[in-house]
Each structure stands twice: as structure tokens, then as C-alpha cells.
């Protein structure tokens, strides 16, 4: 028996020694930090559709181990082809090392591409085992490619810069929508919901990330301004740190503004079917503190109460106007009302699932806002 | 000399090892495709069915202390029928081993070893499993006792990290589409519980065979809870429609996680480390039972030689299917064969036993 | 029978054989002995003195056969033949100088008794007897070795040790048929369960307290004459991580140290292979920043991670072996110099990456955490197959290797005891002394896996405090 086991072992071991099929040393891999997918405007006789740009990083140059001047830490390579896979393969004709996508941080989609729909462009990344589901997804105003070419001041790799920006921005301000990973986008898209992706605008040395791209399914149909994104995040109740609300002081004066910092906003969407029509009641509750003066150095309960009411009104008005805009202009439910219906009014949802965006247009939405100012800081 | 028998806790772990295998990666998808957000109800239902089935088996085993189905099936239903039943079991086990090995090798290839021939991965797994099978059921039990709790613990630890991405509202509404889809999902859900039927074969090795039923129930209960947790988490993270689109939802939700600052950043690698042992232990149990049937039917003293002769056969079953969809088809055949055996044989044997006993007492 | 000529012929060509004639009170005696084994002063002062006192009834034990006489002489005793009637007696020789009892060098301890065994079986047995003055401590001595006739003692505590295990050990010992039994290692290899296992299936120790401790748990000690290390059987895998010091210290400290040891063993076993797997196969599992810096560090290394790691690990083992053979002071120097110089210059020459040097260093330190040397070396050895596996199949290979080791461990037995017990099969009452060293009063029972006849270790009810 032992002899047999030994025999088996000796049959296996040489196999192993001849193996190493998958061995690629770490320094032979070329880490791809970010990619941009743009639409390639069709020319005559060419079947290319995508313009695919990848940002490769050279670790040696990043750690300044080499002094050769023709080696730079990052290289943005671009190729065009009818499929992303083809583009990646085309890149292999020019890159001497093996591109490695497991460290991919962010995918930037160009505006034109986004208008055509992005699900087919992302299909490879859903499918491929090398890609993580938490790769971030942003839409660039203009060409995505140019976002990669940005030379940020503080970080060597622009892809990392943009990816960090989404994370930091999300937790520090409400001006950009929640970070969306390709996994989340896939979840939204495949369940028939719409999503709002972060928007970036590109400048030579920086990228501004504010506002959002309205995706109907996987197609870009319009932009949200940063103020609208703020309202969206109020409605969704998904920010824990960071919106500020500026209130005009009725008494006037200079500067004449009070600024509140609002944290921990939660919202509840209550659904109801009235006369065969869905009615949504959005209850937004939040907490905040006084961030900057405006109460003339002497906050009292009454003054605070007034400010709270003033603030609630502003937020409510903004939220309602956003909802109306989405209902009238875009007829797109980006708030997840449909999902709420599925959860709580399944019978209605089952019959109206197919044309929900049409029904959304006529839905009745009520918004109520309640924000409490809890603290005034360390100064009267 | 100090004798080795299977303790009750070993039976719990053995059955758990046999049940939890490759299915844990795909279960949410197979169930979710048919039952949607109500998958967890189906899993509970299938678990209870499995509990009923295993109780019948334990009842049977208790009537024939020290004997396995290999002995009492021929005495109860006659030599020819008994042989046919045992051969069916043998076929089922071999098919099962083959497909499980193939599926696990395919997944390993997909996520860890892209270019390595699938044959090498299969041989690697079969080597481990054969080594254990050669050392008998006690060594297997000890192996499982060590590796299952460890793997389970790691798995749960990894799964806790997905909580951040969950939205448990996605599991609503409960029973929105009624009972109908649940019934459709039941068979394929039941497939993922299969493995407890090895109790028919290993019960005589127990220290206290009377405790078999309790052990089996605990084991199925644990499996059921694990499956429910995994499925609910998958639906809560991915949503109903995405779960049915992703090939390996359990891996997908773990791929969502990023643990900043840890040495190993990506937990899906840990998931693979957990999952491969799960797959291997399933293979070991079935391989052992198959060789047990074959050797005892041939009247051999030992199961070892026959266990080795089975390896080429299993290897062949594993490499024959052309692609993953075909593997699924094969595994479905094996599962249906298994289900029919589990459903029919124990009840049949119990009825025959009762009838014979009544005739004897009359 | 002419005793003297018979014996002399047996010892022909042995220059240390002496037969000298003495005349005492008109009687003549011939003394035959090996002067290499007997101190001549002792003969003068004691034996001849006794003879002088009473030379009619010789105050020594009579002897009847030549074989007996020869074996007595070989044991360092004297053969005394009265020439007139050719009556033979033997007198106990004093024995020669032996190493005095010293502090153990190989097993140093901070606390607890420090004495260690020496080469003499008698002294060694006395070290145990002195600590355990009770007739239930049994010492059975037998001679083993086809030619060397070495005395081998089996020590156990009657009433604790399980008779099944005892019988098994006794049977195995009685089958020893070797031409030489020079050390306990030879015996160990003869009686062990599985010779194709890298894991030690007997524990050895130089400290009497360890032996006593093991015997009181229900184990059996085997002493070999002329050997200062004593075997303890049966053993389990968990014993690799146990040291008597754990019991002398407070339980929390003992527990913490054990956890460190287990972690050290795990690191020593897997870290190089993990490095290979991550570097060569799955860089995606490393955090991005770390991956970038490792990649930069390895940019000039021309070898695959496997060869790189193999090179460094092999160098490490060479250094260790060289340090072991060299005189103690020099050994340390060689180790430090070799490690530093080779590590430093290998990195500078671009043969290995800096991260690997860290990995190798951590591995080396970790491997010394395991208290049992034979266990530590097994783990160090197994590191290499694991490296081959992960070098060819990455993480999957590493996992296969670990599972193979586990499969081997669970199928191994030591004198009928499962080697991997009490980890599996679960013996929860023994888990108090596994990864955790429970507080003393919780370890009421002896290890269940050894099936001791007397379970109870203590009676905690008698424990009282004044206030």
C-alpha cells in the first residue's frame, strides 16, 4: 500500500516540477491602476468602436530606483477595437510586460461612451476573474482618456488620485453621489434600476469631482449639478459626514449667512397605493451643528428653532424640485422608489414593473424634513 | 488495544463535510434563480426534508447494529435487488466524486491557476483524498474534525465583513410570488444537502450508534443555517436579479470587500482557502464510501486496493465533460440518481423490515 | 577449572586486562579485572582490605560460570579466584569517573530544577528515584543490542500508566535486535510507529523533572545506559509546543507563550511558501501599495521567487548547521556574520529582494520557537516541499501541501495513541493543556488520551485559604 502511495506521489511530483504554468513574477507584471473607455468615432472601413486607455504603473520608477530618464512611473496607453478584450490584446503588441488587472482601482467612462450605454463595455469586467467587483466607476465630462493624462500635484499616479478622491469626497462632502463600484452598478442595472454615477471634470493638474451622471439603465441621459446631488443624497439619506446648509439671515448684515453642518442623515420612504397610483412619503431626519456664526454670537433656543425651520424648508424645497425635475424632464427614478414598491407593494409592482418609469412620472411624492441642531461648537 | 471508533461529534462533522462542498459557492444562484428573494424559505424546507430522510436512515441503522446498508440491504430485499441498489449507490458516489472534483478544479482554475491544466489540479485533489481514504474512516474523521471547524470559522469571519454592503430590505417581500416558485426550487436546493446518506455506510463505525440520529440532525441543522446565512447575505448584497446572473455569488460578495491595511487585502483568497478543503473533504467521504461498497460487495478484507483502482475511473469521469455547462448536466444526473436513491431506498427497506417483522411475530 | 586461564583466554589481546596475584595470610588470590574500568586505589583500599579481614570465608558473592565472570569483569567488577580451591567470587568495582551532574545545556530553563541526566544509567535512575521515593515507580532494566549489550531501563508509574500502552512499549523494546544500541535515538527509530514520517514519535529530554512530569501523566520513559537523553513515549503532536516551563509560570503567561509558539511554528512552516505564492502567482492578494513596493524591490532579481527563496532558505539551513558543529562561541559569530553579510550583499547584488530577507529572518526566528528540537527540524524540513508546491501551483499548491501534512498527521499513531490527539479526535478535557495552559486547579485530570488508570491529579476541595 505504501509502495503504491509512493508510486502515486512519484507520478505527481514530476508533473509539478515541469509545471509552473501560471508563474509570472511580480516585477514582470504591469499593474493597471485605472482605465478609461471612450467611444471611438467611426471612420470609414474601420470596425473599431471602443477607444480603450489603460494606465500602467512602473513600480521601479515610482520608488525612484532608476535614474533613466526615458522610464516614467506611469504610461497611458491607448488602443482601439470593436471589443474591450480586443483592445487589451492589441495593447500586448506594444507593451512588453503582462498587464495585470487585479489592482485596477477605477474605470473612467467618457461622456460619449456613456450616452451609448456602458453595460457592454463593462461586461468583460463583470466576467473576468481578475477584476474585483469593487472597482470604482465614474463618468468623465468629455473624454475619459484625458482624465488619465491629468498630472496631479500630490500623487504620482492619476488613477490612484481619482480613486482616492471618490473615497475621500464621499465622506467629506455631499456634492458627489455615493461611490459606485462596478459591482453595485451591475446590481442596479440588472435589477432594472437607474443609478447616478460620480461625474468628473478634467483640468490639466486636477480633476474636479462634483455632480452626477444620471444613468437610465446603463445610458447617460443627463447631468446633475452638485446641488442636485446634495438633494439626492438627502433623499437617499446616505451621508454620514458632510453637508453644509447655508441660510440667509433675514436680518441682513454682513456676511448675513448662517452655516449648518449636517451629519447622520437618515431617510425613510413610505409607500402607499392610492387610487391605483403610488404615493411616496419621504421622511428625512438628520442631526447637525452650528458651523459658522450668523446668530450674532448669542444663540438661543428660539433662534436655533427658527434656523431649523428655515433649514428644513430649504432642504425640502430643493428635494422636491429635484424630484419634479426627474419626473418631468427625465422620467427616471433615481431614488429607488421602484425598489421600495417592490419591497412593500409587491402586487402593484408586479403589474407595473415593465413601465415603471412612465408611472413614476405621475407618482405623488411628499417630502418632510426634520433636522435638529444638536451642538453649537465650542464658542458662543 | 485502544480501539478507534467514530465519536458522535465526529459523525456531526463527517456529515457536515459530506454535505457542504462545492455547492456553497453556487447555491444562492441555483436557488435564487427559481425562488428569488424567498430562497431562504426553500432552504429551510429542503433542510427539513433532509432531516426526515436522515431520521429514516438512522432508524434503519439502529435496527441493524454493527451493520451497514451493504449488509442489510441484501438480507431485506434479496440478493439481486440488494446488489442493484448497492450498484446504484456506487455509481452515484463515483459520479458525484467525479463531478465534484471537476467543479472544484474548474473553479480553482478560474480564480487561482489560469493556465494550469485542469488535470493537474484534479490529480492534486485526488492525491490528498486517496491518501486519506487509504488510512480509513477514522483518519478521515480526524481530518474533518480539524479542518471543518477551522474552515467554517474562517468562512463566517469573512462573511461578517460583507455586512457593510448589505441591504436586508432586498429580501422583501416574503412570499410575494406565492408557493409555486418555491416548489420548483426545492429539488435543486435539496441537491446541496446531499451527502448525509453516507450515514447509511458509516453508522456501524460509531462508538454509540444510537446517537447517530441526533448527530445527523445537528449536522443538517448546521448546514441549513450556514446555507441560509450565505444565501441571505448574497441576496442582501447583490439583490435578487444579480444573484441569478453571477456564477459564484458567494465569491462575488466576498470580492466586494476590501480590508484596508491588512496583509492580505482580498478576502476572496481566504474564501478559496476555505472552499478547497470543503470540496476535498466531500470528495474524500464519497470516495471512501464508494470503495467501501465495492470492496464489501467483492468480499474483500480491505477497501484500500479498490480505492486506488477507483482513481482512474474518477479521473475519467472528471475530465470527460467538455465544459462547465456539461459538468452541470452530469452533476444534475448524479444528483437525481442520488435523490431517487435517498428518497426510495430507505423507505422501501423500512417497509420491508416492518413487514418481515410482522410476519415473524404472527 | 582453571578460572584464570579461561578468563585470560577470553580477554586475549586486551591490554587493559590484568590478572594479578596477591598473598593474604598465606592464601593466594588472583584478581582479574579490566584496569580501564577499575580504579587501582579502590582495589588497594577496599577490596584487599576486606580480604585481609576475613580470607577464609571470602566476603564476596561466589560465581559459578565463566560467562558470568566475563560479564562481571566487563561491567567493571573484579573476579577474585582463590588459587587453592579455585573458588571464584566477584567484587563490585568502584566504577570509573563519570561526568558530574550539570545544568542542562540543550534544554535551558529559567525556572524549575536545573540538573540534567548524565551518561550513567545508575545515576540517571537515581535522579528519578530521589524525586519520587515510592515503590510504584517501576524501573525494569534489560540488556539490548546484539553485541553491545547495553542496559536499557524502562521507567513508569504503576497505577497510572495504561497497561495496554505499557505492554506495547515492552513488546516493542523486547524486539530490539540491533548490533549496537549506543543511544536512545537508535531505540527510538526501532520502536517508532512510522519510519516514513518526518515527525518525531518519541520525545527526548535531558531533564529529570520532564521525565517525572511525563510519567505522572501516564507516559513511559526509556533510558539507555551511556546516554544522557531519555526517551518519553507515547507522544502527541501537541507536545511539540509544550515545555515544562509552561507549568512553572503563571497560566496566562504559559498560555501566551504557547500561542506564540504555535504561531511561530505556523510561520516557520508556511511563510516562505506564502511569499512564493503571493509573489509569483497572486500579487492581487497583496495591498496595492505593498505590491508596488515589492515589485520595485524585486525589479533587479533575475530569479523566480521560488529559486530566490530556496537559495536563501538553504543558506539559512547551512548557517544553522555550521553554527551547530562549530565551537559555541564561534558558532554564534558565524551565524551573525553569515546572516548579515550574506543577506546584505545578496540584496545589493540583486540576487534576492529585501522583502525576502525579512521573510527568511522571520522564518528562522519562528522556527526556533518550537521547544522540541526534533519537532522544529521536522517543520523546517517540511518547509521545502511546501515551497516546491507553492512554487509550482501557487496558493492551491500550498493548500494541498498543508492538507497533505494534516492528512499525514491525523493518520499517524504513537503506541496506539492518535498522534494528533487531543486536537482531533476532540478530547475537550485535554484542551485545557493544548493551546491554552489552564490554571492549575482546572487541570484536575490526567490527559484522557493516554487512558491513565488513575484519572485524578488533585483534589481541589482540599485547597483552602486562611482568609
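Order of writing sets the chain letters: A, B and C. Residues in each chain are counted from 1.
Simple rule for what comes next: a contact is a pair of C-beta atoms (placed from the backbone, for glycine too) under 8 Å apart; a residue touches a chain by one contact, two chains touch by 3 or more.
Computed from a predicted model, the values in this text were never measured in an experiment.
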| item | value |
| --- | --- |
| Contact graph of the chains (line, ring, star, complete, other) | complete |
| Chain whose Cα centroid lies at the greatest distance from that of chain A | C |
| Centre-of-Cα separation between chain B and chain A, whole angstrom | 40 |
| Chain centre separation in whole Å, for chain C relative to chain B (CA means) | 44 |
| Computed distance of Cα centres, chain C from chain A, in Å | 64 |
| Multi-partner residues of chain C (at least 2 other chains) | 281, 284, 288, 393-394, 397 |
| Chain B: positions in contact with at least two other chains | 112-113, 116, 120, 124, 127, 131, 266 |
| Numbers and ranges of chain A residues touching at least 2 other chains | 16, 19, 22, 102 |
| Chain A contact footprint on chain C (complex, rising order) | 196, 279-281, 283-284, 288, 291-299, 301, 304-306, 388-389, 391-394, 397 |
| Footprint of chain B on chain C - complex, ascending | 162, 164-165, 168, 281-282, 284-288, 290, 393-397, 399-400, 403-404, 406-408, 410-411, 416-418, 420, 423-426, 451 |
| Of chain B, residues touching chain C in the complex | 1-2, 4, 7, 9-10, 108, 112-113, 116, 120-121, 124-125, 127-128, 131-132, 135-136, 139, 141-143, 145-147, 260-266, 269, 272-273, 276-277, 280 |
| Partner chain B, residues of chain A touching it in the complex | 1, 4-5, 8-9, 12, 15-16, 19, 21-22, 102, 129, 132-134, 181, 183, 186-187, 190-192, 339, 342-344, 346-347, 350 |
| Residues on chain A engaged by chain C in the complex (per definition of touch) | 2, 16-17, 19-20, 22-27, 29, 31, 33, 57, 59-60, 62-63, 65-66, 100, 102-103, 105, 130, 160 |
